[in-house]
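In this document, chain identifiers A, B, C, D, E and F correspond to the written order of the chains, with residue numbering beginning at 1 in each.
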Amino acid sequence: MKVTVSRKAHFNAAHRLHNPQWDAATNQQVFGKCNNANFHGHNYQLIVHVTGPIDPQTGYVMDMKVLADLIDEEVCDRFDHKNLNLDTEEFRELNPTAENICVVIWQRLRAKINNPFELKVTLYETERNYVEYAGE
Amino acid sequence: MKVTVSRKAHFNAAHRLHNPQWDAATNQQVFGKCNNANFHGHNYQLIVHVTGPIDPQTGYVMDMKVLADLIDEEVCDRFDHKNLNLDTEEFRELNPTAENICVVIWQRLRAKINNPFELKVTLYETERNYVEYAGE
Amino acid sequence: MKVTVSRKAHFNAAHRLHNPQWDAATNQQVFGKCNNANFHGHNYQLIVHVTGPIDPQTGYVMDMKVLADLIDEEVCDRFDHKNLNLDTEEFRELNPTAENICVVIWQRLRAKINNPFELKVTLYETERNYVEYAGE
Amino acid sequence: MKVTVSRKAHFNAAHRLHNPQWDAATNQQVFGKCNNANFHGHNYQLIVHVTGPIDPQTGYVMDMKVLADLIDEEVCDRFDHKNLNLDTEEFRELNPTAENICVVIWQRLRAKINNPFELKVTLYETERNYVEYAGE
Amino acid sequence: MKVTVSRKAHFNAAHRLHNPQWDAATNQQVFGKCNNANFHGHNYQLIVHVTGPIDPQTGYVMDMKVLADLIDEEVCDRFDHKNLNLDTEEFRELNPTAENICVVIWQRLRAKINNPFELKVTLYETERNYVEYAGE
Amino acid sequence: MKVTVSRKAHFNAAHRLHNPQWDAATNQQVFGKCNNANFHGHNYQLIVHVTGPIDPQTGYVMDMKVLADLIDEEVCDRFDHKNLNLDTEEFRELNPTAENICVVIWQRLRAKINNPFELKVTLYETERNYVEYAGE
């Protein structure tokens, strides 16, 4: 009996989309105002989905407090009120698009949430744009 | 041509997380403030997802009013403004975690929504925590 | 590495549910107040989900501005502030249920978003009722 | 001790903005796509706010079930799944802008919710546009 | 230059509406299913609004972290995961309607947020029902 | 007959809270992680409220398209995808707290929306924190 439990969190960060292998005109053409050299920012909303069996002792797939603490340690404490391009190891070389941020968050959490649990991450960059990654 | 139709509903209930096979200290350690002997409560938000072919006569997978009435009969009329531990058959022995409530709701609806329809239930315990079960 | 990007949009339209092969009493019985001869309407909320690999040059699965423009051209510019039954080619013969509207939107977008991208469309008719179609 | 209680409701309707004293070109210029002769529609969201003293016997300003029933009788049963221009007395002559709909709803409710209660009505035409009227 | 700053918080609690001076039939007639002897519960959503001048040194009316901590101490730590009727001083005698809870929260915060700040409290009992109190 | 019309908009920006008259330790103590030298960011949500009489010719207080265009010109085109501290005239000297941003937006709009219209601005910095200014 496999159930999915989902937990929401959020962090607020600055970023800039930029490919250093391209010249300024190409960056501007591809990334538009997201390429602003002085950065812009977002309230990122995160949903972490963990799928597994219900533990008959607790009635839990996973203790939501444990999951919430893990999200804080691995994601929010690292990215909240940061400049993703300048302040984090992960995005010094990697372009901080929503897609790449979502994959990085999945990878950090996957290192702590092992099989047989399945893991999916949903990341809202704005209310209108969001991305999902499930490790495939 | 398989389409999924989804219908939201809600019920407000009291509950307490507790494993009667454990002593008070273990219950407190595992369930924390959710173990409060006098209960606490939630506005549960429910989404029922039914997948099947579109009926060419109606353009419906299933009449949403029929689905809404079924959710009321099988779920809301039973659980709304109730104490899940004390007032319901289903959770007299079974710990009313979001996971277990979600599975119980799926089972009640599955008895009324037959194959070839697929059924999934999403249950929000709070805005930040939710669970899903699809019968696997 | 497959990631899903999702983009929200909306359009406001009038419609009437009606099967011209049935008499008035049957239409009233099946569609109830949705059969009102003078139409009613909705704020339709749309989410378009595109799944594919991340382009290593851009960090994008698909440029969200390109996707947003495509949704405007193929969906919102055609359906917004329209009477679906009277003003659109698609629903002159086809009953404009949420299910049928969702499939039509999927088909219009599928013609523009080719393999290997996967495509799914979610359509909210109200906050409580929504449908999804992924081409299966 | 004055407290305000607020209750949400909704209705789905078709409408058209039009001033019959103007020619077609002026109507098109002023109302744009909202002037579509075949109508369009909205999911109207309504919030009714009633301000008054707390009854020491009940702890209520007003029983929310009584207020909800009154909103159904005076507003939703009249306007839900209707064409405001064609199916209602109120908007046969009066242009059904959000402003005018809000004032009409306030007037209908004011006839039933007497002094010393204060009354305010909020009406969402879309998620992005809403209006308020308090009788001043 | 007076600006209002608003901060959201939440707590989950069980309660029962009951007037001990009435017999069971009257309580049932007035409070309906909210009178259930075994309690039910809600996710209460709280918004605290503080109005005052902007401090030219900080650009703040009030530090939101200070306000958030105060709400936790005075409200959430006392009411979260509690049975309002059984576990709190405030509602042992006072019927825990949304109106009365809102006034109690306002009084607790007013003792800590002094003039010249103005204070208003909004309390959502469900998504559809909410109350407000501003001390008048 | 005075009605309030409200229009939502949004912009995404980077900022840093800092008082240049203070040393680094004081800035860190007062503004905490909001003082990060490399900036962070938010999805700002804006609601502009205009109160006035209903024009009997149009049924409008103000044409929402005119109001939406004005908000774009005066606010979103200036602040969206910008670093408020580095890229804008308004916040080169003024600390870009939510309170100060809200007042600046009100002042810019007030120059274009004249008496007898009343004007109020609501600005959400996050889902949990928002501010309002009405010119008093």
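Please note the rule applied: contacts are C-beta pairs under 8 Å (C-beta built on N, C-alpha and C of every residue); 3 or more make two chains touch, one makes a residue touch a chain.
Since this is a predicted model, take the numbers as computed values, not measurements.
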If a chain touches chain B and chain D alike, it appears here: C, E
Same or different contact residues where chain B meets its copy chain A, judged by the half mark: different
Chain whose average C-alpha position is farthest from chain E's own: C
Per Cα centroids, the chain farthest from chain B: F
CA centroid of chain C to CA centroid of chain E, Å: 41
CA centroid of chain A to CA centroid of chain F, Å: 28
Junction residues of chain E, two or more chains touched: 127
Pairwise touch network: line, ring, star, complete, or other: other
Chain pairs in mutual contact under the definition given at the outset: A-B, A-C, A-F, B-C, B-E, C-D, D-E, D-F, E-F
Chain D contact footprint on chain F (complex, rising order): 1-9, 54, 57-61, 63-65
Residues of chain D defined as touching chain C within the complex: 10, 12-15, 33-34, 36, 38-43, 80-83, 86-87, 126-127
Touching residues (chain side chain C, partner chain B) in the complex: 17, 19, 30-32, 94-100, 102-103, 127-133, 136
